[in-house]
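Quick notes on the structure that follows.
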Amino acid sequence: MNTRIISNTKVFSWKHFFLQWEWMLVGLLVIIFMMNSSISPYFLNYTGISDATMTFLDKAFIVFPMVMIMIMREIDISVGSTVALSSVVMASLYNAGVPMIAAMGACLLVGALCGFFNGYLLVKYRTLSAVIVTLSTMILYRGIAYMILEDQSAGGFPTWFSFLGWGYVGPVPFILILFIIFAIGAVLLLQKTTFGRRVYAIGSNPVASRYSGIKVDRMKLIVFTLAGLMAAITAIFLTSRMGSTRPNVANMYELDVIAMVALGGISTAGGKGKMLGAILAVFVIGYLQYGLGLINIPAQVLLIVIGVLLIASVTVTNLRGKGKFQKKKSRKSVQKAS
Amino acid sequence: MTEKNLLKHINLANISKFREFGLLGFIVLLAIVFQILNPAFLTFGNLADLTKNTAILSILALGMMLVLITRGIDLSIGATLALSGMIAALTVREFPGLSPLLAILIGIVVGVICGVVLGFLVSKVGILPIIASLGLMNAYRGLTYWISGREWVSAYQMPASFKDIATSSILGINTLVFIAIMIFLFFYYFVNNTITGRQIYALGSNPDSAKISGINSHKVYMLVYTMMGGLSGLAGVLWVSKFASAQGNTASGYELTVIAACILGGVSINGGIGKVTGVLLGAVLLGVLDNGLPLIDVSPFWQMGIEGAIILIAVLFNTIVKQTVEKSHRLRRVI
Amino acid sequence: MKKFGILGIVLTAILALLVACGDQGAAGGSEEGSGGDTGGGDDGDKRHAIVFKSTGNPFGEKLMEGFEDAVQEAGGEAILRAPEQPTVEGQIQIIEELISQQIDSLTIVGNDYDGLEPVLTKAMDRGIEVLSTDSAVNENSRMVHVNQADPEAIGRIQIEAVAEMIDYEGEIAVLSATSQASNQNLWIEWMKKELENADYENMELVEVTYGDDLRDKSVSETEALLQSYPDLKAIIAPTTVGIAAASKVITDKGLQGEVVVTGLGLPSEMAEYIQNEVSPWMYLWNPIELGYLAGYTAVALSDGEITGDVGDTFEAGDLGSYEVTETEDGTEVLLGDPFRFDIDNIDEWKDVY
Amino acid sequence: MSEYVLELEGITKEFPGVKALDNVHFKLKSGEIHALMGENGAGKSTFIKVITGVHSATSGEIYLNGEQVVFHNPKDAHKMGIAAIYQHVTNYPDLNITENIFLGHEKINKWTRRIKWKEMHAEAKALLESLGSDLDPKTEMGSLSVAKQQIVEIAKALSSNAKIIIMDEPTAALTHRESEELYKITEALRDEGVAIIFISHRFEDMYRLADCVTVLRDSQYIGTWDVDQISNEDLIVAMVGREIKQLFPEKSNELKEEVLRLEGLGQMGRFKDISLSLRKGEILGITGLVGAGRSELCQALFGIEPYDEGKVYFEGKKREIKTPADAIHLGIGYLPEDRQEQSLILQWEISQNISLSALDKISKNGWLHLQKERQLAKELAEKVDVKTKSIFNPASSLSGGNQQKVSVAKLLTTDLKVLIFDEPTKGVDIGAKSAIYQIIVDLAASGYGIIMISSEMPEVIGLSDRIAVMCEGRITKFFDKGQATQEAILEAAMSKKVTKSKVG
């Protein structure tokens, strides 16, 4: 129709590159490593660090889907209960004579079903918010776990099962290998695929996404099911690490996970943040806790530190994109009103 | 669409108009079931217990209602409650002669300070309420352990006057219940008949317009979180007085119960909607469940599952009614 | 660049907070953090750690106090830890941190009987002596258990006490905790066995309820018991929060003398209700002594004085000599019989723990 | 006492990096309707916000009745008797009518500070009646139609005894009949001595109502004229800064075979018994009053809210459309009415916006191929002539018209055969309007079947090959090209008599 030339080559900007939140987290991680090694002589020790890594990685699996969920402006606070329920189902089935592999399969299935149910309710009843749905199912799922196991614990798993949570492949913890594989997958999925692009689109503007032919409902079902599935994987590792399980395990895990995701720079207003940030945040919080644990900081101080760190980091993210952020906030509310 | 279906829709529409009556009906139904299964349910003594146990929950739920109406959320109230309860208890342990009114005041002041911090983070710094209150929840809880030196304050360390706050009565009504009623009346008046009260609804209903209408949104956010904090502080003192013990882990996770009460009471998490009477009924419903389930010999391990199922059903019922009403609005148009 | 300035401020603030915490830990002798600060380990001092169920529990604080006393008397260094919530996950994390610090012994008060087995086994593999106290872990997870009292005795003595209080006649109920810890159910089992005795034929255990160690839940469970069983004569609550909550309800309802409460509770929490005779007496062992004994057991294990096998004997400071004995699961060191708190002695104990 | 109730002298407003108003003058007499015109982005909205105290001017003075005033916040302006009715309805959907009317100046008891509900309800009722509306003031605002909400907004302005009322595009969401109501009310207000600033894109509004007109362009003051002094062409030149010769392009499209046919399509409560057909290369205009079911019909056709009766034939085969994805897969594209909410992701790059509905095309097995995306975006952005330097600029950096072009470019990414344009020129200034018309005609010429919904009669008449008029959920009349006149369409739009719609 005409001859206007529009550029389609991207200009690379170092400034832009280094102003990413992820660098801030990398810096934080370096500082924490320096701090830890200066306050405790036991920190710089390969076995110690790798052992510590194993203790905080179990719940980190839920971070992957939670990042997607929060980018999509939703939230899932039932994941802790999903961990408990799927863990309890797995252990009870095993104790009832089901082979361990099948019990693990059932665990994954239960987790996925829990997540699917959340997603289904959310999609079927559009006016319901995710907070309400998952708050209800949070109580429900744990309630079911209590119905199944009452005050008992279930365990006595085969010896190979403990390898999952405790084992090393060569010098590297098995769980870390699996986590890295999942992490690479998650980063690629969110940043390099159409799936990821759609996740961001839905979070940035759900209405426009739907009008653009994105199957928003199906996407929601997928990510919530994924959250359930990852909660089940967490359940497997957690159960393996404990060797037995109870209905009260993984209490408040959702809050830990949300804290990691928020620290990772994912805004609950949707559409913003990177998977890599959340993955870095897992290690920031994990090693901070470990380092403070090495100098035997009391639990209450640890609580305060984590709380303050969370608020401080989010404050910085907010100040960072203040202009953009506010614009978006108001846009969002317009949308809600309409 | 048959005539009969149409009629059904219109009936449902009426129910939603009187949503509170629906909730009340459900409570009555539940009460009847409990009564049939255990005649001790509808006795004066048990009902007195029930109201006493629901008082604190309803106080907190009213505060949470305002927060939710402004599209916010406060997850730190359990920790605020523990912190202010603990500080009040430590104070009366040191100064047994302290007037109980002053103890209540101390609790409220601590709560207000906690609320102001959260309000500041939300309104001025612009952190999302769920994240800000999550962070503060950790911080306040940690502070509670720190201040108490991880000790408890036990019954014998509290003066009788302090413990009497919860057991005494005013005008023949238990003080806890009396305070809850007073707060209920205040809220009823406040949200319906004062400008500030209506501004809270306006802000939640449409934050952008509120700006143009000259509503100072910072002030309103500060106000609701401060009120929530103050009420948590008050609840903290009442809690400690009621159970005659202050622990570091007091009311851990209680915020979720409070939010559940609000949701049952019809408060919308998307802001703008919520009635004082509804929230009260929501709190009472949870109170009835907590009181009734142990009475009818339900296995203690089933209680949580049953509660979860009832909350989910109530939430779904509410939504289905709402959707049906919208449909019937459309139906009335003849084409 | 403004944003990085802000980040700098934030980080400085966090570091300052940490430094402050460190100072505080070093200054306050009774703080949990005190042990680790001296660090090192090359100076020859043995380091003994104890991990309690959760922080902010007075029983645990006293237990750890006793433990610290014993370890210091023996010339070692005590590390006192507890997770914020009473969870297995939290304890596993702390134990990993302790393993990294290459401690010499680990005393665990388990949040679960079996759930700590993997991590404790790992600790033992790394050359750490592991023992449990108060709330036991299974025999594979530890070398010896320091038992406050024989569960059988605890169970039976509570029935005997309640029988005496209500003249061997009437309905009784049990208000338990969540029974997440291993001991509660075992005691209740022994109570039921004791009740089979012909002496108690006029007594009936009508219900066992669970207050989850939460104040509000324990109160409503107690109220439900009173409503459901108007003829209820006694409540046995073998848990601190439960017994105090139940006593509070009886006090508030003015049922002194009609319904009695007994069980296991902290004297500080129960002083009020023993003095107002809602609970004529109740039992508990001395957590300070229990911790003290555990401390000496830990020291003895790490010095190679004992190995946790049956028949080993060792000196436990002021408490005298103890012997490791055989039980159904594993070996144990038994502190003694539970202590009875009543109106005559409560005043001297209520300020102690 | 000055003869002007409101005077603004040399108002300049700067935002970081942008000068939104540059030395603007404005004078308003009492009892006058003063039109304020200008293209989008000319600074009208900012100007209004300065008058109402939402923004404070960087420099310049405001005189009210000859006295200089300074507004620190909206309340100050409100107290001085200035009220505004904004372009996007700014009400509180969860509050009732009375509250919406009185928000900000509630009637309260002096001593108890209690809100006097009874009085307010009564007064609200009286106000509404004076505006010829029988709404119950206790009704929730959110349940009202847009036109009724507009009436409440006016009542709100009246309730504060405003001497100056600013109406920012009040007719944008209204139909002709509703606009006519609004004109009457506005005139009545003027006759009572209220000064009114009326902002509109519609020339008809201005000619019908205004006494004089002030034009802004590119944040600058261009001039003020009496309405009868200035010709249409001059006004356009003043607004656009250049002459626009021809608003509607020459049409050269050729009608080919049928691509889409609807038979008895219906959706409960929204529309019923819709039968029509569309040929390749054809532009079918659909018009009618707001609420006649036009948008609903097209949204159903696009699968936003599925139809519940009737049949859709696409290229001769019966098809089901349940979701937008179905529709796009089939070859039906939709340009939504509200591009900012329904089409674009403003903070995203232009290229990402363009590729959003064609992610499968720029990917392989789900992996994004960025090079392909950029190529596609560049091609299409150039094709629809988006005025930007780079496809990596965020969509928010574009003007309304160019955003609309990006929305159109989005439709061109996939292999579509039918395009539905829902109010394609809504909120678009004159310059961009004719560009969009050109695009539509070109698209038709290249073989797309096009359905265009519009409330603007000239647009419908000027572009369509055929026009379907809807009224209360049904198609009341079809006009062939050349048959339609504004009057005939209006009559059909308001008639309840259903002409049996012919198929094909």
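A, B, C and D are the chain letters, set down in written order, and residue numbers restart from 1 in every chain.
By definition in this document, a contact is a pair of C-beta atoms (placed from the backbone, for glycine too) under 8 Å apart; a residue touches a chain by one contact, two chains touch by 3 or more.
Because the structure is predicted, anything quoted here is derived from the model rather than measured.
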Chains touching both chain B and chain C, listed by label: A
Express in whole angstrom the distance between the two chain centres, defined as the mean CA positions of chain A and chain C. 34
Using the average of all C-alpha atoms in each chain as its centre, how far is it in Å between chain C and chain D? 71
Averaged-CA centre spacing for the pair chain B and chain A, given as whole angstrom: 29
List the centre-to-centre spacing of chain B and chain D in whole Å, with centres computed as mean CA coordinates. 43
If you look at chain B, which of its residues touch at least two other chains? 141, 144-145, 150, 205-206, 208, 248, 271
Residue numbers in chain D touching two or more further chains are 93
Multi-partner residues of chain A (each touching 2 or more other chains): 151, 252, 298-304, 308, 315, 334, 337
Hey, which chains are touching each other here? A-B, A-C, A-D, B-C, B-D
List the residues on chain C that touch chain A in their complex, please. 2-3, 6-7, 10-11, 13-15, 17-18, 21-22, 25, 31-33, 35-37, 39-41, 54-56, 79-85, 87-90, 92-94, 96-97, 99-102, 112-119, 122, 178-180, 185, 210
Chain C touches which residues of chain B in the complex? 38, 40-41, 43, 45-46, 49, 53, 141, 144-145, 148-152, 154-157, 166-167, 239, 242-245, 247-252, 290-291, 294-295, 297, 300
Could you list, by residue number, the parts of chain C that touch chain B in their complex? 30, 54-58, 61, 84-85, 207, 209-210, 215-217, 219-221, 223-228, 230, 241, 244-245, 248, 252-253, 266, 268-269, 271-273, 275, 350
Chain D partner, complex, touching residues on chain A are 1-10, 192-195, 197-198, 201, 204-205, 207-215, 271, 324, 327-328, 331, 334-335, 337-338
Along chain A, where are the residues that touch chain B in the complex? 75, 121, 125, 127-129, 131-133, 135-144, 146-147, 150-151, 247, 252, 255, 258-259, 262, 267-269, 298-304, 306-308, 310-311, 314-315, 318, 322, 325-326, 329-330, 333-334, 336-337
